[in-house]
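Two complexes come next, and they have one chain in common, subunit A, joined by subunit B in the first and subunit C in the second.
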Partner chain A sequence: MAIEEIKKELYNNVLSGDFELTKELALKAISEGVNPLEAINSYLVPAIELVGEKFGRKEYFLPDLMRSANAMKSALDIFETEIHKSGIERKSQGKIVIGTVKGDIHEIGKSIVAALLSAKGFDVIDVGIDVCSDIFINKVIEKKADILAMSALLPITMPYQAAVIEELKKRGIRDKVKVMVGGAPVTQEHADKIGADGYADNAVDAVKLAESLMKQ
Partner chain B sequence: MAITSKERMQIAMDHKEPDRVPYQATFVPEMDKLLRQKYAKEIERIKGKTTEKYQGMTELDILFEHDMLLLTYGISTGYYRNTQEDTYMDEWGITWRKIPYKTPNGIGHYTEIIKFPLADDDAINSYVPPDPDNEDMTYAEEVIRYYGKEKYICGIIDCSVFEALKYLRGITQSLIDIVANKDLAHKIMDMSVDYHLKLGFKLIERGVDLLWLADDLGGEHKLLISPKTFREMVKPKLGYMIGELKKKNRNIKIAFHSDGYIEPLIDDLIDVGVDLLNPIQPESMDPAFIKKRFGSRISLWATVSTQKTLPFGTPQDVENEIKERIKTCAPGGGFLIAPTHNIQLDTSFENIEAFYSSIKKYGSYPVKL
Partner chain C sequence: MPIRGLKGGMLKFLSEGDLKAIHIATVEILSEIGVKMEYEPALEIFKDFGAEVDFKNKIVKIGEDLLRKGLSSAPSAFTLHGKTEDTDIKVDPERVYTIGGSSALNVFDLDGNYRPAVFDDLIKLTLLQNKMENLHIMHAIVIPSDIEEYGVDRLLFAGTFPYTSRNYYSQSQTGADGVGEQLKMAAVFQGSEDAVRKNPMFTEVVCMVSPLKHEKVNSEVIIECAKNNIPVYIEVDAMPGGTTPAPIAGCLVEQNANILAGIVLAQLIKPGTSCIYSIASGLMDMTSGGYSGAAPETNLLHCCTAQVAHYYNLPFQGGTGIDAKISDAQAGYERALQVLSNALAGTNFIHLSFGMMEMMMLASYEQVVIDNEIMGATYRMLKGVEVNDSALSVDLLRKTGHGGHFLNYKETAEYVRRNNWIPKITNRDSWSTWQAMGAKSMRELANEEAKRILQENTEPVISKEQTEEILKMAKSYHKQAQERLRKQEGK
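Presenting the complex of A and B:
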């Protein structure tokens, strides 16, 4: 398979969400000497961005989005390992600690946001679901994170986003980290009320928000 | 002579106008308990079984003169269990956790699955599903014996196709399975279909009028899976179930529930023989539009917001919504008005009273609104 064809297929298979094939193509790309950074920026990122757009246009549904995100991640891991091996670091857009708040076990939205952020070059530390304040904050401190992103999928777990922000204030580090919030019941109004730095309605906008928070 | 609830529902289901719009409601267990306390004297006089196995109701159904009674069976009964334990496992090996929340009316609980028995790909090989013959049918028998002549009886065998896959594999995995592990998805869904079909036959033998199937296929404003995936993976199983149930008794009616936005699938549901669609959440689909577009071919059930109006509106808001629904959805029959979900614990008694009084006020046929 010619290099150009590998690149094209990489793009197409992220779009169609074929995990195995995407992984195989990423390995092939490496062995054929494709520049991993170029592969990420020119093929993986545009493909996953198109997936996000198609989801917004109701052409793609949750299963498509999840498959594409998984496929993209499988290739991303391979390319990032390769970049790391070569001694060059992929320029990080910023460090983000992300998780779903305590009492809440919903993971799909959070994981999709995490995958998209990784694709765009953020250093993502996913602390999982049902995450308590201590874990969020200790991870922010340990990793010197630029952004803390919290998801809540239930009206009754939304207040926990506020509790974590309060805890950041108590520990005197609120101004050291930007806080973004999301999740189905979360609104801009809620984000403003609890003193978050930003809110996004969907995964694509969450990435744009993270990028703009990094510029502040 | 006044007609019975059963006759009222039968007329409505035939897309004709009875004397008034039929109605019913269900409550979360904590609200059910509060209402039982509030109306303790009134329900003392009511005959019938005192507690339903999973979601006690019957006395309140009779007290509030609901036209339809529900009998809950099958995999979804794991959701509400009368237990003091915070986590429990049901017959399917599903582990549920009760999550408390505060409301002005006290502490409520909703339930979440924390352990899915078929989460591992290989688990299916050694999995033994429960035996439908172990389902205790005495509750259905007693309710039908007491009320079967007078009330319309709905047997619930819900969450039996795609929803069962979610319960057994996990929501994240099931969304992948339905497009990428199709053989496994078919195997698990077929197992659940067999179980619930047998249960449906048992309920038909006992004398139910309606069987209620359900699969949540909609998010708030978008389908969870594509119409193509639904048509390939879920619709044939629904069609098979409904066909077999109607073969068993050609007069049996079928209700189908999906929360959220499912407008692109309604024609498919009519196609496979669904007679009654629930709940038409007004936050997701406009009930007036659904009535206009599909109302001559499928009856509508519910439409009154449990997400906004009932918990957060005033009694006047409740009255306005009911007036609007009766005006737009009731003409021509084919309409059973109800809340779009169990009435939640954060709903005021005043709003519950407004729900019933407004239906009485505006619900007479012919509709003059």
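Presenting the complex of A and C:
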């Protein structure tokens, strides 16, 4: 297969979201001599951006978005390993610890956000559901995370987002990490009240928020 | 006299063959994949009855024989008690009742403000709903923002139970202790805890997690209800495509396995425990990931689930909130399609059918009154058509002959009185009359009606002393729950 064809296939693979085929395709690209940095910047990133646009226009639906994000992540993993081998560090968009707060076992919203963040090149550490403040905070410290993202889907668990922020303050590291919150009952008002740095209403906006928090 | 509701069930989307296929798939799931139960005593009970239990992974596999045994003792008919005999309802897999709104965080008040709900809204919205003649079961319609969340169910009890004549649909956030404390509060009115156990005037709901997971608090509440003869709604809130397979058939299988596992648990604890097969499932909107209670796919799912529950001869709770933000055309069409399809499908409890908007986040005073109107029209359709000699009216037709009219007949007057639904806030005037009467929209009429009802109804339906006693207990229980929570968190 010609190099140009492989690059085009990579682009199409992210666009179609056939992530089951991505790994093989990416490895083939490397063995055929495709420049990994070029593959990311010229093919994968434009593809995932188009996916985001299509989702915004309601041409693509959530399963399409998730599958494309998975494809993007698989390809990124392989190409970044390759870049790393050659001694160059591709700068991560940022490190994010993400999870659903204690008492809450709702997983989907948090996982959608995590997948989209990964696809955008963030280094995502998903600590799962029903997560207590110790786990959140220890992970933030251990990984030197830039952002802590907390989800709560129940009105009863929303206050726990505040509890984690309080704990960050107590440990004296509140200014070391940006905090973003989300979940169906969460509002900008709640985010302001508990002193979070940002809130997003949906997964696509959550990625934009993370990007803007990294610029601050 | 207890209420004996109208019968539904004429609308069927699934064939007998479809239902059998769903049953067989469910048996495969329950016996080979099983259900995860986080509460150890629930695992023990299943083990005692011969189920295959993996204690390490907390998985119970329920074979068809145990499933049959459990279901064989689940009653198909029972009574839910209100505070007076004429608010008791006779439940079975045919009759159609309604349940009020639940757990909204915000209200749309009668001054046109969208704001967080407070405790006073809970009382007012309960008093308002209590005056709706088409409402049979009362839920706590809001979660007040002015109360600490953990253990809030005790205060929901105090803000709802005293203000309604209907059977109260309760919940316990904290597990078995909540059921016990609510039983004590009901006893203030009913005389003793044993009187409550004999004729409980409240029920509990447990909400399982999809796919296939029962949290600790779910099993605890089921067990406590079974022990105390409290009827329990065993509910799954699936989101097809998200937490269950996207096809409605696959969602039906997941819901069925998840709910039946809960019903079997209740029956193993105490055979004969009244269980209601329940869902509040809603389509996952694939453009946003949000919950849609009013999507046509959600209505289809609920109608089909009614058939699945009835396949096991169990009463079924379906229905959910609508998605509109304000009482507009969207609200009207969403609510009408939802309650009509559910009623015709024989949903025995049309849940959240009063006032619930914005994907369960909002309770609207105006919409409570509008929904009562829509439910009235729906019940009229459910009542169906009389066909007998008197209704065929051949003698009257002969008497009248050609031309003329039927308005003079006693038979006409009687039939109309017995059968026709007289709307309250639906306008059927001409344009000019409507203009002359102030050209009011349905929303304005609903607003006026709600204000009138709330002016006339300010008192609880039980004595002031009992209401105060229950509130005092609730505050104390809530405080204790908060203290336990703080201790748990080691602070």
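Going forward, the second predicted complex is superposed on the first by the 215 of 216 C-alpha atoms of A that agree within 3 Å, B and C clash if a C-alpha of one lies under 4 Å from a C-alpha of the other, contacts with A are read in each partner's own complex, and residues count from 1 in each chain.
Note that in this section a residue touches a chain if its C-beta (ideal position, glycine included) is under 8 Å from a C-beta of that chain, and two chains touch if they have at least 3 such contacts.
Since we're looking at a predicted model, the values are computed, not measured.
Student: Output check: A:E211 vs subunit B and subunit C. Expected answer is one of first, second, both, neither. What do you get?
Tutor: Touch status of A:E211: no partner.
Student: Would you check which partner chain A:P159 touches, where first means subunit B only, second means subunit C only, and both and neither mean what they say?
Tutor: second
Student: One more residue to check, A:K58. First (subunit B), second (subunit C), both or neither?
Tutor: both
Student: Contacts for A:N202 in the overlay, against subunit B (first) and subunit C (second): which applies, first, second, both or neither?
Tutor: In the superposition, A:N202 contacts subunit C only.
Student: Where does A:A184 make contact in the superposed view: on subunit B (first), on subunit C (second), on both, or on neither?
Tutor: Once the two structures are laid over each other on A, A:A184 reaches both partners.
Student: Regarding the shared-chain residue A:D123, is it in contact with subunit B (first), subunit C (second), both, or neither?
Tutor: neither
Student: Please work out whether A:G109 is in contact with subunit B alone, subunit C alone, both, or neither, and reply first, second, both or neither.
Tutor: After superposing on A, A:G109 lies in contact with subunit C but is clear of subunit B.
Student: For A:R67, select first, second, both or neither according to whether it touches subunit B, subunit C, the two together, or no partner.
Tutor: Only subunit B; A:R67 stays clear of subunit C.
Student: Which subunit A residues lie in the overlap of the subunit B contact set and the subunit C contact set?
Tutor: On subunit A, the residues that contact subunit B in one structure and subunit C in the other are 58, 61-63, 105, 108, 156, 184.
Student: In the complex, go through subunit A and note every residue touching subunit B.
Tutor: On the subunit A side, the touching residues are 17, 19, 58, 60-64, 66-67, 70, 103, 105, 107-108, 111, 156, 184.
Student: Which of the residues in subunit C end up touching subunit A in this complex?
Tutor: Interface residues on subunit C, with respect to subunit A: 103, 105, 143, 148-150, 152, 173, 209, 213, 215, 239, 241-243, 246, 284, 286-291, 359, 361.
Student: Flag every residue of subunit A that touches subunit C in the complex, lowest number first.
Tutor: Against subunit C, subunit A makes touches at 55, 58, 61-63, 105, 108-109, 112, 155-159, 184-185, 202-203.
Student: Hey, which residues of subunit B end up touching subunit A in the complex?
Tutor: 99, 101, 112, 114, 171-172, 175-176, 178-180, 219-220, 222-226, 229
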